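Given below, in the form of structure tokens, are the structures.
Shared between the two complexes below is chain A, which has chain B as its partner in the first and chain C in the second.
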Partner chain A sequence: MKISIRHFASIKLTVFCLFWLTVLTFWGTVHQVDHGIYQAQERFFNSMFFLGFGFIPLPGAMLVMGVLFVNLMGSFLVHYQAGWRMPGLMLIHIGLIMMLLGGFFTKVTGIEATVSLFEGEGRNVAVSRTEWEISFSDELHAVQPYQAVDLSDLRKGKTFQFRDSELRFRVMEVYPHAEGITAESLQTPPTMAPESAAGFVAIQPLPKMKTPEDHTPAIRLQVEGATNAEQLILTPRDQRPMGLELEEGGGRFVMLRRKRYELPLFMELNEFRRSYYPGTEVAQDYRSLITVRLGEDISREVVIKMNEPFRLNGWTFYQQSFAVTDDNSEMSVFAVTRNFGRLVPYWATGITSLGLAMHFLQVQWMQLRRRRKRA
Partner chain B sequence: MFVKLLTISVLSGLFLTACGKVEVRKYTEVVQLPERPDASRQAPRQPQESDPMRAAPLTVEPIPSNMPDDHPTLTGEFAEASAPPTSQMIPPASGPNSMLGREGEVPPPPKATDIVWELPEGWTERAGSGMRIAEFLPDSEVEDGLVTLIALGPGAGGLEANVSRWRAQVGLPPQGESQTLQVEGKRTFTFVTFARESREAELPLTTTAAIYSLGDRTLFLKFTGPTDYVTDHKLDFLELAGSLDQQTESMP
Partner chain C sequence: MKFLIALLILLGLSSCSSEKVSPTPPTRTLRKVAEIPLLHDGRVMPLDTFSRLHLLQFSGRKTFDGEPAVLWMARVLFEPETTDSDPVFLINHPELLDAMGVERGEKVPGERKLSTRRFSFTHLRPGIMKLEELAQQAQQVDPEERGLVEKEALRVYSNVLTYRALYQVFAYARDLTELRLEDPEIREALGLEPDQRTYTFLDLKARAPALADIMKRAQAKEDPAEWTEAEQVAFTLARMMFMFRQNLSNLPLNLLPGAPHGDSIWTPPLDALHNPEGDRLLIQAAEQAGELSRAWAERDWKTVSEKADQITEFSRGRMDHVRETALTGAEARFNRANYFGKAKVYYLLTFFLALGALLSGARVLRLTAWAPLAVGLLMHVTGLGWRMFLTARPPVTNLYGTFLFVGLICLLLSLLVEAFQKNGLGLFTGSFVALTFLFVADRFGAEGDTMHKVVAVLASNFWLSTHVLAVTTGYAGVWIAGIFGHIWLVLKFLGKDKQTLENVRLPMEGLLGFGLTFAFLGTMLGGVWADQSWGRFWGWDPKENGALLIVLWTAVVYHAKVAGMIREIGMAAGTVIGCVMVMMAWLGVNLLGVGLHSYGFTNAMAAGFFGYIAFEALFLVAVLTGIRFKQAGVGE
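Showing the complex of A and B:
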């Protein structure tokens, strides 16, 4: 059977995709009641395939959206012959394609993270809530270049290597949520105990939690090129980076930690204030006075408060939360998002609406003209 | 038709991106830590009229879990960050959500400015970097024989695992009869050597080491080099190992 572009442009395929998305939305909504939003998203919406009822492979929303995009493009190229004689239809298609592409762009490039600062503290990185990385550095200075690999990119058997060293790592085990096992809890301790800053000799997976923020990943790596380790176990329980001594001399530090995103600025918290409604314990207002540094000589003061975020080059900083220590030091917590395609859905909706209005008016005008001709 | 198919293929490929390669990212993290709080910081500030922070005077002691109705729901991490006051300014990372990604910064990176030693006569010393605190050369003309002082975390893989690895590095079977002694110097250390085995096996290299457990870290003073060279400088090495000490701050 010869597959042509017309197969992709089938209107039946469009109807099926839209129907299946409706099913997924309903199924996901029901699923999240017992399993939480995160698990529902992961299973139904962020997946290409998932197992229905435990054994039937079914298409996930990512696959369906991809097929729908191809279908829409194909339909546009094959069926749409009117060109700009029907500008409304043209705009509707452009608007829908923009919406799908905007969603995909946001999915791929969007970031959600946090920055937490004590008064007087400054940072240029945001920390992911759900993503983890293996960081790699030769020192641990206040201004420290790092190399890092994302834990989500690692699978059993994969290898990776950082520049500027002969160290090679091979993934032996990696789990998104796991616990470490100490030698005392094993009946027969392993003959070759891996290096672990937390004292673990093995790791074992745990069922996923309802919220991804609660996950504690773990990874076991085989190391080549280090004189003080052949295997490593890295977990969030490690109190400090693991030191690896290189065969060629010198050393490197590796650590499993929450993923860092370099910000386009250095932000320093000058002061954090909070207030409560009089006579209540309900927070009325949080606000942070920040010095934003964009370069050696460019800096300005910004107040970030609830519902009044600070925006810069696609990044948005929201006042999120705070913590207080027993010496009365206050830590302000900012939610940080990056969404370069933030305005795309607005543009897409506007173009689609304009297209619908134009098409409606054009059809009305054509019918009116036809009636006049008949008369 | 070809152009149409190519367009669809390229766009589909972009849409269904699935890259199997492990990407190495690079970034520079800049951290400016706050100065230690002093008494003057504890006093509530009197706001000025033009102060942008004025709208939020301190009123009552916080009960952090209370948020306004329109505030975004706090997830586990933030809820925990808003938990009642902790006992340290930057508490130890006791779990993944303990301090909003501050794991690895606490306790502070292992610095070794508190480790002191006396250099044997004729030896030279070089500054180390990272976990390597220092390097020592018994003879500055002979680069093959090098003593390194390294700081690792507590435990650091255990004595047996380290000795097995060192034996394998010089060509000895991992399991053997290494000489292991507890030696009293300024700090008690475990002295390990397999120079005799290396000589009997006619191996070109050997290792001798002193291992110190200092509570918060483990120090390794490791001498690797030609077998005869290490044997010749064994007494000097023991002198260096015996002089190594950790300075403790006296209370005011």
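Showing the complex of A and C:
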């Protein structure tokens, strides 16, 4: 057992991991020029393996960081006795373990979404920029209550069902980025056309875009328990939810849309202000004056501006951008995140930096003493 | 096009007395003119800075033929006929001149002197229409696909347009020589002096009520055929004044603040003269600006001084809530002081003295080197301090600032080494690196205003003084460690003794640790800033990755050394590659043009960057091969 821990604690393994991370960081950065940040992230940084030069399987950053984490833990366990003599080293390793753990925790549990508000408008839901869901409700324009299933959880052949309904869905095709095909563009129209609010009869995948926000997913479902549809095609091009008539009577509405997150507050935009440096189009400041309602009787006025977000119960609201419509109405866009481990990297940064400073000062001090003794 | 036509029309109306040779104004007067505030690119700056920026933009130089930029700009503004023959338009690609149909090798009549790369307006004049055509064609091409000559055509055309627009800013105060008012009736009605034969737009504007009376009288007549000659002239004059205003509005010199104590809306003097609110004080200031212009042309330096004071006071009074307005004098003095230029001279002196000390081992040379170094350091620190005071920001807000700051930190770290070792090595490396970075800063300074306003997301003094300073200090540490790495490898190649090598290796390793600590802290603080601003700690943005590369590479070098995978030679080579990593993080990522941190980057700088990488690669190959051969030779 001890031997295996020593293997994992090998400093040569550390060198290999750090070197490969250096290569990945460089490669991934250069890759961004033609493919954008998102594709570089997916290929190099969020992957366990990727194909180098199209055919060589190589370890991705997730795998390398995982190995590095084990290596750090092993090193910490094996060398902790030396660590007391070199407290800086110990702090560095503790900090880095925290950093890797915090990053992993954020990746697994974090939420990133946006809220867009016109002046006078209010919302209590945030919309994901990259994730999609199939919503299911009793009413055509239901805001709430509704049920939903995440598109990222669906694979070909998977079946799913919503509560209080006999309807059953089976995934026939699902693509993260695709386009719908109309009957007119097919040489031979399908014998059984699926129901589609946008009038599509088939879907076909497209190459991924540079930014995930630009993806338009599509899904083809087989439906059981509906009288008006045997197959459904759902795409973001659908202008309205698809109505399904149930065999047992009544109806339900399904729609593919960007994933919603319920917020712990109701936020209302009172005013959006922006200013530019005079005579230029360089933004000097932009800020939103909002009213936050936390219940029937509790409300407060908050200003959200660049570098000064508003935080509440693990959620953070940032001034992200704004848009001006044709009729000159201004819309303020907020980035919304939920990250319970937000402060972990902060602590990890402090601990590692302190460790680095202590270690290098100690090493320098020891070397100077050694030289003086020799002299 | 409309603008150019208007300028060409008005060219004929403006007076020309090209015989005059302008004697320079007294220094005191010129300084007052230099301190006049104006608004340019979103910030209030003195006319001095405006002049430097424009001369730099046109000619790539901060002075013209030894003449301060502000003096040259004053000539453009107040007596433009004297600057047409100044070779100030830098043309990097002679093919453009061929395309314009302009002779490059011959001096044209009236041209001040012939230069191989800089040409006067007089020289370019025959090809201006062709240049406009070339620029319009280049405009149609996708910016990514524009060739060098197309880019050059756009740049030169833009400079010529700006020059000609500046030329016209004070046209309203110059004599309209082609205008003849001989009719006695209109002369009497306008109250013109009997001996006055030339008039300015200002003269006519002062007589606008009388002109309006004549026109009203004419309009009362049913048949225009009944109009007297005076009435016809009145209409022509009114139309001409209207055209003048229309064509010369919005010229690129926002000299006068419009609203008192309000938003910073600054206007050119002619627009101020016709401000829609009828602001009397603003009109008066525009008239004073016109009087300044006339007084300059007449060499009445006392009036120039007086009017410059009045305009400055007017702007400062109106804009007392905008800090920079009160600081234009300080900025002009900062420009004149040229602290970084002087620091370079002292660093150069230090470099030679320290080199002499290293080669000869003479103690006296080493001790003497401290004197110019101290003065250079004082200049460097003072310059940075002035910049911080003027911008009310930490020392680093743009690429230009990073070179000033990193140069200083490298110098201080080297002096720390010198303080321990007392052998001249720290003085040598410190002065060399500081000097180099001040020269590189000059290259970036030539790109435009170095004290420009920062965009909203960067407008945080807290993060600029934590993340940015930490990460650039990290750059400095890794870079100076790399310089010691270079020296170690060269000494090793030269077969120096162990003690000499140890004197270089120890600071090299220590400085690498210093660099790693600050690069890590800075990189992570960048993550904290990103978390505060955008809601995510890490996004694999190129600039983040660049900083991470430094951290990772430095960690690789340290761990490889501890693991016994490399020894001294590997360590030194690793620090040299560390320098390359620093350059990639610092400048390389800007070449990629992606991400939230990307800045503008010119082709020349890209060439310089790749040239540097090639140099380091060649250096490593050469020196490592040399060491290998030497070691093999010793072994045999």
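Convention: the second predicted complex is superposed on the first by the 298 of 375 C-alpha atoms of A that agree within 3 Å, B and C clash if a C-alpha of one lies under 4 Å from a C-alpha of the other, contacts with A are read in each partner's own complex, and residues count from 1 in each chain.
Criterion: contacts are C-beta pairs under 8 Å (C-beta built on N, C-alpha and C of every residue); 3 or more make two chains touch, one makes a residue touch a chain.
Given the structure is predicted, the values throughout are model-derived calculations rather than measurements.
Engineer: Which holds for A:22: it touches chain B only (first), chain C only (second), both, or neither?
Structural biologist: second
Engineer: Just checking: does A:220 make contact with chain B only, chain C only, both, or neither of them? Give me first, second, both or neither.
Structural biologist: In the superposed model, A:220 contacts neither chain B nor chain C.
Engineer: Touch test for A:153: chain B only (first), chain C only (second), both, or neither?
Structural biologist: So A:153 only meets chain B here.
Engineer: Under the stated touch criterion, which partner chain does A:8 make contact with: chain B (first), chain C (second), both, or neither?
Structural biologist: first
Engineer: In the overlaid three-chain picture, which partner chain does A:163 touch, first (chain B) or second (chain C), both, or neither?
Structural biologist: Touch partner of A:163: chain B, not chain C.
Engineer: Look at A:236 in the shared chain and tell me whether it touches chain B only, chain C only, both, or neither; answer first, second, both or neither.
Structural biologist: Touch status of A:236: first partner only.
Engineer: Please indicate which partner A:276 is in contact with in the superposed arrangement: first for chain B, second for chain C, both, or neither.
Structural biologist: Touch partners of A:276: chain B and chain C.
Engineer: Hey, is it chain B or chain C that touches more of chain A?
Structural biologist: More residues of chain A are touched by B.
Engineer: Could you tell me if A:43 is touching chain B, chain C, both of them or neither one (first, second, both, neither)?
Structural biologist: In the superposition, A:43 touches no partner, neither chain B nor chain C.
Engineer: First (chain B), second (chain C), both or neither: which does A:284 touch?
Structural biologist: A:284 contacts both chain B and chain C.
Engineer: Both chain B and chain C touch chain A; at which residues?
Structural biologist: Looking at chain A, the two contact sets intersect at 276, 278, 282-286, 306-307, 318, 320, 335.
Engineer: List the residues on chain A that touch chain C in their complex, please.
Structural biologist: Residue positions touching the partner: 11-12, 14-15, 18-19, 21-22, 25-26, 28-30, 32-33, 36-37, 40-41, 45, 99, 103, 106, 112, 276-280, 282-286, 306-307, 309, 316, 318, 320, 335-337, 342, 345-346, 348-349, 352-353, 356-357, 359-360, 363-364, 367-368, 371.
Engineer: Can you list the residues on chain C that touch chain A in the complex?
Structural biologist: 39-43, 254, 263-266, 420, 453, 455-457, 459-460, 463, 506, 509-510, 513-514, 516-517, 520-521, 524-525, 527-529, 531-542, 545-546, 548-549, 552-553, 555-556, 559-560, 562-563, 565, 584, 589, 592-595
Engineer: Where on chain B does chain A make contact in their complex?
Structural biologist: Touch list, chain B to chain A: 1, 4-5, 7-8, 11-12, 15-17, 22-35, 37, 41-42, 45, 52-53, 55-60, 62-64, 66-68, 70-72, 74-78, 81-83, 85-93, 95-97, 99-104, 106-107, 109-110, 129-132, 148, 150-153, 155-158, 161-162, 164-165, 169, 220.
Engineer: Note which residues of chain A are touching chain B in the complex, please.
Structural biologist: 5, 8, 63, 66, 69-70, 73-74, 77-78, 104, 108, 114, 116, 118-125, 127-129, 133, 135, 138-140, 142-150, 153-154, 158-163, 192-193, 195, 197, 199, 211, 213-216, 227-230, 236-243, 245, 250-253, 255, 257-258, 260-262, 266, 268, 271, 273-276, 278, 281-287, 289, 301, 303, 305-307, 318, 320-329, 331, 333, 335
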